[in-house]
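Below you'll find a set of structures to go through.
Each of the next two complexes has chain A plus one other chain: chain B in the first, chain C in the second.
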Partner chain A sequence: MKAFEYVSTASADIAVKALGGVDGAILAGGTDLLSRMKDYVTTPKRVVDFNPQSVVQKETSPGGVPTWTILAGTTLADLLASKALREELPALWQAASEVGTPQIKNMATIAGNLLQRPRCWYYRSGFGLLSVKDGKNLLREGDNRYASIFHTDGDALFVAPSSLAVPLIALGASATILGPKGERTVMVSSLYQIPKRDSDRELTIGADEVLTKITLPAPQGKNATYEARQKQSHDWPLVLASVSLRFDGASVSQASIVIGGVAPIPYRAVEAEKAMFGKPVTLETAEAVAANAINGVKPLSGNVYKVALTKTVVKRALLAAVGNRYWEEV
Partner chain B sequence: MADLEQKTKQGASRRDFLRGSGFAAATAVITGPAIASLDEAKAAEPEFKIVSDTTTLKLKVNGVDRTCEIEPRCTLLDTLRNRLDVTGPKRVCDRASCGACTVILDGDLVYSCTTLAISCGGKKVETVESFDSGVNSVPHAFVQNDGLMCGYCTPGFVTACKVMLDHNPNPTIDEVRKGVDGNICRCGTYVGVLQAALAAAKTMKGA
Partner chain C sequence: MPSVWPENPRLIGTRITRLDGLVKATGKAKYPSDMHPEGMLFGAMLYSPHAHAKIKSIDLAPAERMPGVKAVMIVGAIKPGSTLRFQGDDIAAVAAETEEQAWDAVLAIKVEYEVLPHVVTEAQAVAPGAASVFKGTGIVNNQKKARSQTNGDPEKALGAPGVVSIEANYMAPVITHVCLEPHGLTVRFVGEDKIEAWASTQAVGVTAGDLAGAFGIPTTNVTVHTEVMGGGFGSKFGADIWGITAAHLSKKAGGRPVKMFLDRAHEHLGAGNRPSAIAHVKLGASKDGKLVSLIAETSGTGGAGSGSNFPLPYVYAVPNSSRTHTDIFVNGGNARAMRAPGHPQGCIVMEAAMDDLADKLGIDPLEFRLKNLKERDMVEDGFSKPTVDRTPMYLDEVAMGADLIGWKAKWKPRGKNGDGPIRRGLGMALHQWGGGGPATNQVACTINPDGSVEMKSATQDIGTGARTIFAIIAAEVLGLNVTDITSNIGNSTFPPGQPSGGSTTTPAMSPPAFNAAILARDELFVKVAPGLNAKPEDLTLADGQVCVKGEPKLPWKDACRKLGQQSIQVTGKSSPGLASQHGGVGGCQFAEVSVDIETGVVRVKKIVAIQDTGLIIDKMTWETQVYGGVIGGLNYGLFEERVMDPTVGIMLNPDMELYKLAGASDIPEIVVRAYETPAMKARGVIGVGEPPTVSTAAAIGNAVSNAIGVRVPHWPMSPKNVLDALASKEGKA
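Our next item is the complex of A and B:
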């Protein structure tokens, strides 16, 4: 890897200052950034080792909905160690439990997971996010088995890599970002965009900004994540879905359904959400709702299999939320 | 031999703190850490130190205080192997994918190939060299159960198994699989590795 200047701080304020005016990069757990630097995909002049506290907390406010706060430096291992989080945010806990390996869980942080760059092999080989060479889109014409099946009209065909973004968006989480102009808070879904030009990034956070914490309202109903993977461990899921459901009696009064591994951004299945409204979650309704999740799908030459996978994953996530894990009964 | 008890205690106390802090009551509590760090930052301007050249690293490796000169870009793995002659951890993928470089950093299992040495100042590193290799040990169980062929992945597997057994002395085979999730063996000695871990669990209890 190329030589760089190094700054270490636990303070977001100092991290922002250290990023100012230089080609800099924030180092969190390092599992993504250092690998990109070794492959010369990313060559920052300055690396700012931002190592804030690892804290997961639930705060009760009088009269209001309790809020969960996860500070940026929270490792996945610490996230998984919170029993209260496991009980109340199973969608997030389940997704985190499948990320990486014991080593990666000890190193990786929630902010690093959310802001990791795409795993597309053309991007990682230096062809850029759009992977266009000599007028040809390498991902569209080449090996696209893990690429997007939604939003595939443009040139960005990679899939958004963060497994934790999917449950966090379903749970309505916000991200607090500190920059030179002060602090701003955005929905986690707004951290991502589909790049249109080579110079665009898939992340909306500025190069001189730092993600400091994630907050989310304590969910009022049920939530779950289900994922389908090729390898049992140490890999990203092929497709994962997170659902957060509110109920009026036995019927769903509000549904959030978010799918990962299918688009350059975490994909919100709006039509499936509408289809879930007013119905109880049963094997039949979940199957019908999941069929709505693939409306508008446009797979590439090598990933048609993801369409069927998406339906199954959405169905199982819905059923997992209400405790029906039929696929585990043999 | 290294002070492994202390390492386990450290790891546990942080987790216990987080478990305990699951439910905080006051509204003000939550932003406490962030606000405190901002205030500290303002008080101490100019605040950050830029390291752009070689610098002196001090860390404790297998119970011994060590010092060496490193650049910011040196990984912990290369520093251990090339500058401190601690060659137990192996350099195989160098991309946090294979686990051959696994070490214990302040009680936590990590990939040393994807950890900057400069971020480890003052920390405790334990490698396979410091492990007991007597008849009740994990290394011995690997030998007895054919847990290796070429042996290149073995230090990583032994380290991962040891940490897993420190945290969970009675693992099921599925828990062993999860515990060594982050390690890959090209020779495919997984059956021997799983047997070795279960055998080590048994003999360590008997010890």
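Our next item is the complex of A and C:
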């Protein structure tokens, strides 16, 4: 680890000032940044230890839709401790429950989870975000079992690592960002972009900006997340999907379906969303809708298995939302 | 008269808690990597970032000028012109005041490399025109053929009318040891010619010898301490280049101690691995299920120089067989012995083929196995005579295991395990191992006038419970409690003790421990008999009392007080009959799994492990070794895999994150049973470290195939490998 300057603050204003004009990095729970620094993948000149409050709350405004607010410093453990969140935002709760270990959940924050860098083994080995060397894309040519199956025409083949971005996007969440020019609010989906060059970032947030909170409207309907991973204990999802469904009677009137682990950004399955419209969620419709989720898929040499996995995960997320957990052993 | 184990032991064979369990579990125990002697410097290694490169130049000067740096050196025989053959190959080393300074200095060393073409996967190595890892006799295209073995006429037997056969490919990847405590030591060069080291090793004596040899000083000038150590699995038998380098750095730094432990990546890259196994197998049997022929072409890689052979045929009687094995060399770290070297690979290949053939024959794979055991399978007793027949042992063990897993009630043929998304399956596998111990070691036993008792030898505890074993044996002989005994191990200056490899520690160390305790006891009897107006042969020890003709007469401490100023100090050696020298054990394991055929995710529900290992000293430490073996095997079966990148030649998962290992919630119910009949006890002590890790991965693979109705030919049983196997089945249909 390279030596660095250190600033510690609970104030977003001070954090933004501290980030200005230097090669800085925000230290939240540290579960990602510190390992990158130890591996010399990231070598900031200044580390800004930003430790805001850990607060999850639901606010009701008279006449309007109630809003959930999750402050940036909220740990995954605190998210999981909220009974109301578990009941109303099971998609988020489930995704958070599957992250890391109890130790990691106690340290990791929602902002850190959303803004962590890719886990791609070439990126973590120092070959850059796109891992292109001498004109060859290492991930395309090499072991790509965990890589993208969508948007694979470009050079960004890593998968977006945040598990919480998937349900938050499905739930229509926004992120509030503070920068030198003041505050701005964007959809969580807008935090991510597909980098074209190695100097690009996969995150849209500026180097001198700080994510301060996440807000989302209380969902009207049902939501759920399903994750497939190899191990039961500490492991990364192979694929996960979150759905948020609104109903008109028994039929779906609006569907958000977002998939993680399949693309360099959280992947919105637009065609599946359309296919879900006007239908009840049954084993048959979920299966057919899930088949739409893989339209346009272009797997790499070693991750064809993820296509079948994606179908299953979308199907199960839809069914989980309506309480059909057909895959559980009785 | 040679000693014999007590017929009705009070302690031996019972369940006794590890004496040092609590200090290990609470973190109170100081591991070699916890040592921090005064003035200690931190060492760090510079290792090759390239799979294959020539060193054009090395400049240490920038590192020498870095803050805190006290010594910098090039390691081993490295010089400009040297070839580095794998990522992780050692180049230079630094000792500095802090760990961070040491790493910064390592990065400051200027090395100019001429990067050479590499091969890091088996496929890359054998491709036409592949770069050569090294030149050597008999090496063609990075391949060296081992001697082929042929028995009978396998081709003819396989082609005979009525013979049913399968032809299949099976593959198991390279895995690494992943010792929780990395390789290394903390070492102090004392004066001109003495060394003291705290090493994480499974052989304190070998490590002392390595250090002495490297500096041309007598072994008596070297003391190696290993009070406790955090895992070795066969990969920690000496000082290694890192330990010797650390001693040089200490000498250069004027005798300041240097701590040199590998980082996790280096541990994966350069500290050993289990070779891969690639097998093309034809196995045939008569219609009624008697094996007639095995034809196997196998290969594997043990890295840039080590071999990869494994036993095959394995366990079963195959009248006609041919086997060719080819070592494939790649630009990867070299293999080292890893818990039952060769056997897990041999077991996977043989047992997968057995299951596949049983399926084709339409025979219950359990019955098929029993039908094909050797008629007689003679292994040694405690007097090195081949009087023990392993075949009836296997029959009994399989019956025990089948009962515990519920084979009769639950087993269904492949493809008959339901039609929902979750399929249950059962699988099994048999294994074998040696596990005896040589009769060359010594244990010192001291009885002090204050009644304290010390057992002492230069062995170490790799997980066998050596301290507890010594204490049980001494307490048994001396009529004391286990906690009354102090066991001192892990010091190279103690009487010669067994290196912990090949499951030899307990069988090698129990006999001299027993004899030492008997010698000490008998000397005590001679000293105290006159005061009791008795003859020494009338005395016995029980419940902390010296008894005369069975009657308690003198409490232990009072008896010891009669020694006056003089302790009793004796050294025991081994004697025939107490332990097996070459072992020869068998065992079987059963796995129950559930497989989600829509995600490929495998969950192991239950493992049953049946094991024979002669006379068991401590049932509890015995069981915990079997648990450990099973968990290691489960990792091999479900998770572990060294992933290499073909283009840049590096390992992609040199960590404990994407190099996957079971966490607590991945551990299933594990049922462990000892096969411990009077006949087994009569064999004497046999080690149990290795055999229970052999068949777990094979049994899991067979259970998965049973569940989903198709063979998954690639280990581990990952979602990718399972889904790929299911897809290829659909593709064929």
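By our rule, the second predicted complex is superposed on the first by the 328 of 330 C-alpha atoms of A that agree within 3 Å, B and C clash if a C-alpha of one lies under 4 Å from a C-alpha of the other, contacts with A are read in each partner's own complex, and residues count from 1 in each chain.
Quick note on the criterion: a contact is a pair of C-beta atoms (placed from the backbone, for glycine too) under 8 Å apart; a residue touches a chain by one contact, two chains touch by 3 or more.
Remember, predicted model here, so these are calculated numbers, not experimental data.
Of the two partner chains, neither chain B nor chain C is touched by A:274.
Judged by the number of chain A residues each one touches, B leads among chain B and chain C. Contact with chain C, but none with chain B, is seen for A:329 once the two complexes are overlaid on the shared chain.
In the superposition on chain A, contact is made by A:101 with both chain B and chain C. Judged by the touch definition given at the top, the superposed model places A:59 against chain B, while chain C stays out of reach.
When the shared chain is aligned, chain B comes close enough to touch A:14, but chain C does not. Within the superposed three-chain model, A:1 lies in touch with chain B and with chain C [touch as defined at top]. Once the two complexes are overlaid on the shared chain, A:201 sits clear of chain B and of chain C alike. In the overlay built on the shared chain, the residue A:230 is in contact with chain C alone; chain B does not reach it.
Contacts of A:184 after superposition on the shared chain: neither chain B nor chain C is touched. Shared interface residues of chain A (contacting chain B in one complex, chain C in the other): 1-3, 101, 232-234. Against chain A, the residues of chain B that register as touching in their complex are 14-15, 18-19, 21-27, 29-31, 33-34, 37-38, 40-42, 47-52, 71-73, 75, 94-97, 99, 102, 108-111, 114-116, 118-119, 160, 163-164, 177-179, 181-184.
Chain contact summary for the complex, chain A toward chain B: residues 1-14, 17-18, 27, 30-31, 34-35, 37-38, 46-47, 49, 51-62, 67, 69, 71, 77-78, 81-85, 100-104, 106-107, 212-213, 232-234.
Every residue of chain A that touches chain C in the complex is listed here, in rising order: 1-3, 40, 101, 119, 121-122, 125, 127, 133, 136, 138, 141-143, 145-146, 228-236, 238, 302-305, 308-309, 312-313, 326-329. Listed in rising order, the residues of chain C touching chain A in the complex are 100, 103-104, 107, 420-422, 594, 596, 598-601, 603, 638-639, 643-648, 650, 652-653, 657-658, 660, 662-666, 718-720, 723-724, 727.
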